[in-house]
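Below you'll find the structures, each written out as structure tokens.
You will see two complexes here that share subunit A, one where it goes with subunit B and one where it goes with subunit C.
Moving on to the complex of A and B:
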């Protein structure tokens, strides 16, 4: 019964990926074409990777740099804020948390016009800065909430021991809290990275060509001059795009799980 | 290093209002002294320790290390824990879970930026003293409770602190380990000659460890003295009740004077007071007093007839060498320690109070 449920669940979740992979390896990638016509090819992948006019590799590089910088900067900022909220007696610190949550619920479309004007004024349109700054702000509330709840679970005795051992507040954060919370920090970085990596609207409005354009926008604009849709290229590009995320998850997975199963203070 | 607290107070503000955790406490811990703060939970003893460590700011008052002011609210002086060079051991050990034992012990030295070779020597020395040299490469999660506590103590002594602060360090250990660690801790303190402030709610720990003990209740000091002073001459019922492994007997009593004799009425029985206790009792304002006597000063006697007070054995607790009897006298229960174990439940017994050892307190 459980096994049947698992199979159902997995097939439901993985069906789009299966479809993506199959289409990306097809010589004749038309919807609803009979399975008998299927011909295997790697042509789509090589064209996506090597055809310079598609700029796919540029998009991928832009995406990784922008999302990586935004995720790391966002989580670093969030961890300082989370440390303050979890540990210090601040008037209205819960207000800060709820304000961050409220801000994160704003629809993106409501600020994108202002953002465009601002970035034009700064002269950052079609540069990494145009995306990194909004992305940091965008991943901040989520990171703040995750880290605040995790930091609050770390016993306060650890801080007090560190203060007595001669740490300043910043050192308590960098030498004790952050290393102890490393699994949470890594998973938050990963989450923030995926968030930024998948972002579409800001990237669409604030970039104009392959110098800064990110993968989601790039793939969406793959369609040719005459409106034909190159499904093979699109699917191959999507498959390649999921790779960094999968690789990151696998790298971090061991540390995240090791951290989660380790006894914190008492046994 | 001598530690002096002057009129120290600490108030906490919370949603429910203001709580005064420490109320105007003054005390002095002499150099090399092992000083114990004893009290029930919520009496402010841990707050007091945090104030000395510099983890909390006093609301008012002064703290001096020798002649140095480390905190004075009047002159706006507040030194950080780092500047005070104190070391602290916590109830739940508070070892850094991400660091190996070696790095845990070395942590305070690394923060102070010692040389690598110096750190190594200091860590080795501390680990040898605590007998954990073989564990230096383990992570805290691989250690038992007793080993973790040793690591925590090693981390505390590694940099030769001015004052050694211990916050219920033994309460998470099992009974047997607690006893051996107690002895070891006492020896260690004697050997290192570090002024020590030790917080506990366990009266046995306080009695066995402390050169002097301060008993706290609701943020105030009830009494300060050597363990024996506190045990033999408690200033009030709270102190009397708090010390002693078998709790003291407490009764309402009434004093009556007849000619040159003084009698005391306890549970319907009249007992004459010996001469050397008369002065003390005469000083009381009211006739009603509270009479306290420790179980070891109550002598049960097998012939009920000839004794001043008679009762019946309700319950018997075997403690090994001694036997604790619960004897009902009218509506009261008297606890008595007896070296003999030839008692039976339901047996009628006489009771003799050793009046020389009795305690009298004014009733509230």
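Moving on to the complex of A and C:
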């Protein structure tokens, strides 16, 4: 019974993903209708990768740059704060943690209207800046929670030895805590990257074309020239985008679960 | 020892400064900005005009607002329990697995990791009337003679959105619940089996009560997420047909995109107030849990 349950569960989780791959490799996206048949082709992949007018590669590059920069900057910022919360006697530090938790639950729609005005005023609309700054703020609460939890588990004797050697607090963070916690920090970067990479509403409103538009928005707005939906291209673009994510998920499954659990349950 | 750590509290706060700057500049000020904007008539290329609460009065008389509020409430009431049950079943299954554990866990994580706008596009094709997978499978099993118009009817669109959203979010609930399950000592189960309890009794008497705190966490997390749902609906139905799946976020977005920042802000402030109320409740509950530990 368990085996049957697992099979059902896996089919539900993987079916849309397989359907995406199968359609992306088909000449006719309508192959399930009786009128068409399945013909294998790589045409869709070559068109999304090489046809510049589709701008898919631009979207992918934008996504990777914006999410990468935001994830690294966010996790660095969060580690400084997490160090203070895990180690110093700060009155109200629990308040900071719970406040961060509340912030992570704000609806994006209540932030994005003002952000649009602000970014227009700065002249940053449709540039990387328009996304990187909000994304850093967006990944901070989660990163803070995960890192505070990790840092608290590092034995305090390590810091003490460094303080006795005359290290400043910033040095203790960069020379002692961060090297020890490097695996945890890297997995937090990965989680923050996935969070930023998946973000949709900010990117939809704060960018307008391939100069800054990210992959999720690009794929969501993919339209054919004559109003007919180019399913083959869309599925190929989706597959190219999700395959690396899937591979990362398989490799770092344990760390992702540990990170998410720390971020959510330890509250 | 404590003196080293408490001697310079003010300077300690500087470590929180970069964090605070980002949160204040890109989250808090925008929220306050939305509150201020909601008091104005603020439409692109028109004179800004102070209205005080007129936007809110209009909002409460706006049938579109009530329609999207009703949709959002219905969406929460249907999708959150559905996702919770799905996540619970997944977690119980995963907890039993010994072989291929890493791969199977990863497979369950995949829907969570794929950007929802992208997977929603695949769901759009799955729901296609003529050649989508959904109608193909249903007619294959022989459940329906006629293909179902998934995205073109009110009920169909609602079910489509709920299923696509559940697919995306069940893994998250699974992981939270799994952490809770693994915290339950194995000998409790063993003991209950020795006492002659079957699986269902053990689940009811041991698993469920011990899992309750984690379930509450997952429930609130998901309720807030369902309240602000946007990506999946934007891609799948765009809020249609005829506004039937317009969530509050979609409703507000439609005003922003037409340049009406005053009214758009009013909608988002109301949504914010509800979400904030729920998150305070959540923080209170999790603090209570933290205190118990």
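As a working rule, the second predicted complex is superposed on the first by the 230 of 267 C-alpha atoms of A that agree within 3 Å, B and C clash if a C-alpha of one lies under 4 Å from a C-alpha of the other, contacts with A are read in each partner's own complex, and residues count from 1 in each chain.
By definition in this document, contacts are C-beta pairs under 8 Å (C-beta built on N, C-alpha and C of every residue); 3 or more make two chains touch, one makes a residue touch a chain.
This one's a predicted model, so the numbers in the text were calculated from it and none came from an experiment.
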Contacts of A:163 with subunit B and subunit C, given as first, second, both or neither: both
Partner chain in contact with A:171 - subunit B first, subunit C second, else both or neither: first
Partner chain(s) touched by A:153 [first = subunit B, second = subunit C, both, neither]: neither
Touching partner for A:78 - first (subunit B), second (subunit C), both, neither: second
Which superposed partner A:220 touches (first subunit B, second subunit C, both, neither): second
Contacts of A:179 with subunit B and subunit C, given as first, second, both or neither: first
Contacts of A:30 with subunit B and subunit C, given as first, second, both or neither: second
Residues of subunit A touched, compared between subunit B and subunit C (which is higher): C
Residues of subunit A contacting subunit B in one complex and subunit C in the other: 160, 163, 264-265, 267
Footprint of subunit A on subunit B - complex, ascending: 50, 53-55, 80-82, 86-88, 90-99, 107-108, 111-112, 139-141, 144-145, 148, 155, 165, 172
Touching residues on subunit C, where the partner in the complex is subunit A: 1-2, 4-6, 9, 12-13, 15-16, 18-19, 22-23, 25-31, 33-34, 37, 89-90, 93, 96-97, 102-111, 113-123, 125-126, 130-133, 136, 167, 171-172, 175-176, 178-180, 214, 217-218, 221, 224, 227-228, 230-231, 234-235, 248-249, 252-253, 256-257, 261, 264-265, 267-269, 271-272, 275-276, 278-280, 282-283, 286-287, 289-290
Subunit C-facing residues of subunit A, complex: 2, 5-6, 9-10, 12-17, 19-20, 23, 29-33, 36, 74, 77-78, 80-81, 83-85, 87-91, 96, 98, 100-103, 105-118, 133-134, 136-138, 140-141, 144, 160, 163, 169, 194, 197-198, 200-201, 204-205, 215-217, 219-220, 222, 231, 234-235, 238, 241-242, 245-246, 248-250, 253-254, 256-257, 260-261, 264-265, 267
Subunit B contact footprint on subunit A (complex, rising order): 155, 157-158, 160-168, 171, 175-176, 179-180, 182, 262-267
